[in-house]
Amino acid sequence: MMMNDMASLGDTQTQAPDRHIGDVILDLQGISLSFGGVKALTNISFDVREHEIRSIIGPNGAGKSSMLNVINGVYRPQEGEITFHGKVRKDMDPHRAATQGIARTFQNIALFKGMSVLDNIMTGRNLKMKCNLFEHALYWGRAQKEEIEHRKKVEEVIDFLEIQSIRKTPVGRLPYGLQKRVELGRALAAEPTLLLLDEPMAGMNVEEKQDMCRFILDVNDQFGTTIVLIEHDMGVVMDISDRVVVLDYGKKIGDGVPDEVKNNPEVIAAYLGTSH
Amino acid sequence: MLYREAGQFKASYQEDQQIFPIRQDKLGFIAILGFFFVVLPLIASEYWLQAILIPVLIFSLAAIGLNILTGYAGQLSLGSAAFMAVGAFGAYNFILRIDGMPFIVALLLGGLCAAAVGVAFGLPSLRIKGFYLAVATLAAQFFIVWALVKFPWFSNNSSSGVITAQHVEILGFAFDTPVLKYLLTLAIVAVLALVAKNLVRSTTGRGWMAVRDMDVAAEVIGIRPMRAKLTAFAVSSFYCGVAGALYAYTYLGTVEPEGFNLDLSFKILFMIIIGGVGSIMGSFLGAAFIVLLPIFLNVAMHALFAGSMPAGLGSNLELIIFGGLIIFFLIVEPHGLARLWQIGKEKMRLWPFPH
Amino acid sequence: MGFFFEVLIGGLLSGVLYALVALGFVLIYKASGVFNFAQGAMVFFAALTFVGFREVLPGWTGLEADGNFVFWLAFVLALASMVVLGILTEKIVLRPLVNQPHITLFMATIGLTFLIEGIAQGIWGANVRGLDLGIADEPVEWIMESADILVSKFDLFAATIAGALVASLALFFQYTKVGRALRAVADDHQAALSIGIPLQHIWAIVWAVAGFVALVAGLIWGARSGVQFALTFTALKALPVLILGGFTSVPGAIVGGLIIGASEKLAEVFIGPFVGGGIEGWFPYVLALAFLLVRPEGLFGERHIDRV
């Protein structure tokens, strides 16, 4: 598996992995969202294709997180339409999004602080576990078998993310970088088809970033998971994305393959304008 | 050197997921159970059984109930005593009105009544959080006690709602001595504690804790906050209800609605804060502590003042000590006595080579 | 119809008192995010300390027991005690719990409630005391003559005091540096720091002001129904008020207090007889709950969507 990882990482750095990209699975049309008087998103449209890594970039406050929140129904847009797997809707709802295979991580780590790493990741399996309250009460027969079965899946995730040594640690005690990794683990345990990652590498050192990059690419490569990624590190974004959307002040100012976006004058202006 | 996990490798996830993965813990637990089931009934006096051990067990059960709701699911409740009242009056009416109603069934039905009422008052938790919810449970506290006093049907037309529990009989066998009542209470509490432990280590319990720690993230991963909160209210109130029924049947014998007042609710809240929020073990430790402290204080004061105790000093001291301890534990050891117990065990594990 | 208005006015006047206690909650909640369950205990502590000083001062100083001087000296001493209590609470209880979950802070103030009650009764004893502010609890004549409605002089006096207090607090918030800092803290701790007043000082000031409000509420309430342990329950009455008015709104506390006061009396008189009476104990809670289901953010609160 190690060999495989390295190979795939090398691959993607030299050529965009366009070979496996499929049809559009998520299509957002004319999305507008506001909070009181604040317009977070204005008439935004873009789509996501199966198996691709789709990045959203833009300065702080541009509306990137809001966009993810709209995709999985945490925020409800006032206008627009969301088409996911062919179904057209006005908005999503977090639970429905989860049952349809959307999982995510959050910009500010949203782990269950009082629970161990293992339990946190186990929660990712909850939609696949079928026993009811009374079976849990007895913890016997089917309930126990189910628990063990899913524990095995979770251990696979733990192996994949190389966090075996901390599985019993309460997540609140872990350093920041590891917490981000556990949060990814929780999302992966749900075996999502669409994975939304909100700044998974923010605040990490170079080594941690490399690890996280490798995990994201492996997930995309080995499991074929479609990924929507918000990230500030342009090097990483241009390296691993298939296509990039650029937001600024809630508006879309660019959309395309990394090279296109990199040379878009509006995008360059927005970045120069904010970073100086 | 006796308390070690070295050399105990877990060959399967099943072994790893046991309640006591370490062999010494399991043996220790069996020893404790043996002590409570066999040794105590032989050596404890009637006073100890009836006035201390039985209430400790019953309060432990109520504390487990509140801990499920507050400690695991993160929903603050100030109405535990009212749910106990529902259990007590529920069981009383089932036995009173249905011929040949078996005691255990009545107990469970009393618990189910409490669960239903709990869910009704838990409905606001779907829209409100934190101390807003505390107000909803206060509504339950005042409304339920009021209703039990005002509607004579609940107490079979007795004055001011006082009920006298019927004799406890299971399969023709009468539980009429302190030892027998103690054993009955112990058995019920032990079984329900095991069930609670099972719940909190299963998907149900993880759902509760997830909603407690971060409800948005829980919803995003597919846990239904509504379901989690309402099951927590139901299970919690069920436990409080059964505790309330035992309170009437194996402890006091005669109870009135006003006995299940806000003070009692606070007492149960204190048990979980001091014992350990989010710990089944802590519920027992907290209940024992809160029941024993006033008795201990009383003895100490009498020894100190030799009979000439200033009036009211004892009860004021009790308020001060309870209040002070709550604050102390919240600041210094938010996981309560249960955590201290664990730290003690960890020290043992390293002994005699502390690193 | 006259009877209806009598009940309504009686209810509104006691509502003013609820508002006063609720105000103490709002002050502390705004500044430090703590839901101070001990506010009721503070009311009790304040009233008991005042009455206690009034009893012992003549013996210590040889002053005339009923004189104005003793009254004001006792008032000042009680106020000083409240300020000390507030500052100690901030230092010993709340500062170590900064950044803990709301629910933990809430439970800590429940502990504080017991502590304060124990200390108050430990110092001054537990027996019920009368408290005479020199205003008779008798109907105002001209209202009785002109409108044929009974309105108690005392209630009117209490409402005036409470109204004045509320107005001066509003001015305090609006026009003083500390007041502005306070509002800033409520919105954003960083912003408050930039005003140049340390957060701890602000908290101490707020607790002291809340102590003052508790003293006024305690005196009025104590004069009405005796200084006794039951004063602590005023906090319980203030809870539904806060739910209606929202935890952060001064006008909300006032309007909420009036609504709760009026509706509970009206309910008791006009609905109570049909269900056996005594519904005052729970009616405000049920009303507040019903309201919450419709508008979880309260009367004046803004709808808030968790940011993730």
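The chains carry the letters A, B and C, assigned in the order they are written, with residues numbered from 1 in each.
By our rule, a residue touches a chain if its C-beta (ideal position, glycine included) is under 8 Å from a C-beta of that chain, and two chains touch if they have at least 3 such contacts.
Just so we're clear, the structure is a prediction, and the values are computed from it rather than from any experiment.
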Overall pattern in which the protein chains touch one another (line/ring/star/complete/other): complete
Chain closest to the assembly centre - both centres taken as Cα means: B
Pair of chains joined by more contacts [C-beta pairs], A-C or B-C: B-C
Centroid spacing, where centroids are CA-atom means, of chain A and chain B in whole angstrom: 41
Chain B and chain C: spacing of chain centres that average the CA atoms, whole Å: 34
Distance between the centres, which are taken as Cα means, of chain C and chain A, whole angstrom: 49
Chain B: positions in contact with at least two other chains: 216-217
Per-residue multi-chain contacts in chain A, two or more chains: 74, 106, 110
Numbers and ranges of chain C residues touching at least 2 other chains: 308
Of chain B, residues touching chain A in the complex: 12-14, 17, 195, 198-199, 201-207, 209-210, 212-214, 216-224, 231, 235, 278
Sites on chain C touched by chain A in the complex: 302, 305, 308
Chain A to chain B touching residues, read off their complex: 72, 74, 94-95, 97-99, 103-104, 106, 110-115, 119, 122-124, 126-127, 129, 131, 133, 136-139, 143-144, 147-148, 151-152, 155, 186-187, 190
Footprint of chain C on chain A - complex, ascending: 35-36, 65, 69, 74-75, 106-108, 110
Chain C contact footprint on chain B (complex, rising order): 70, 74, 76, 124, 127-128, 130-132, 134-136, 138-139, 142-143, 146, 149-151, 216-217, 262, 266, 269, 273, 312-313, 316-327, 330-331, 334
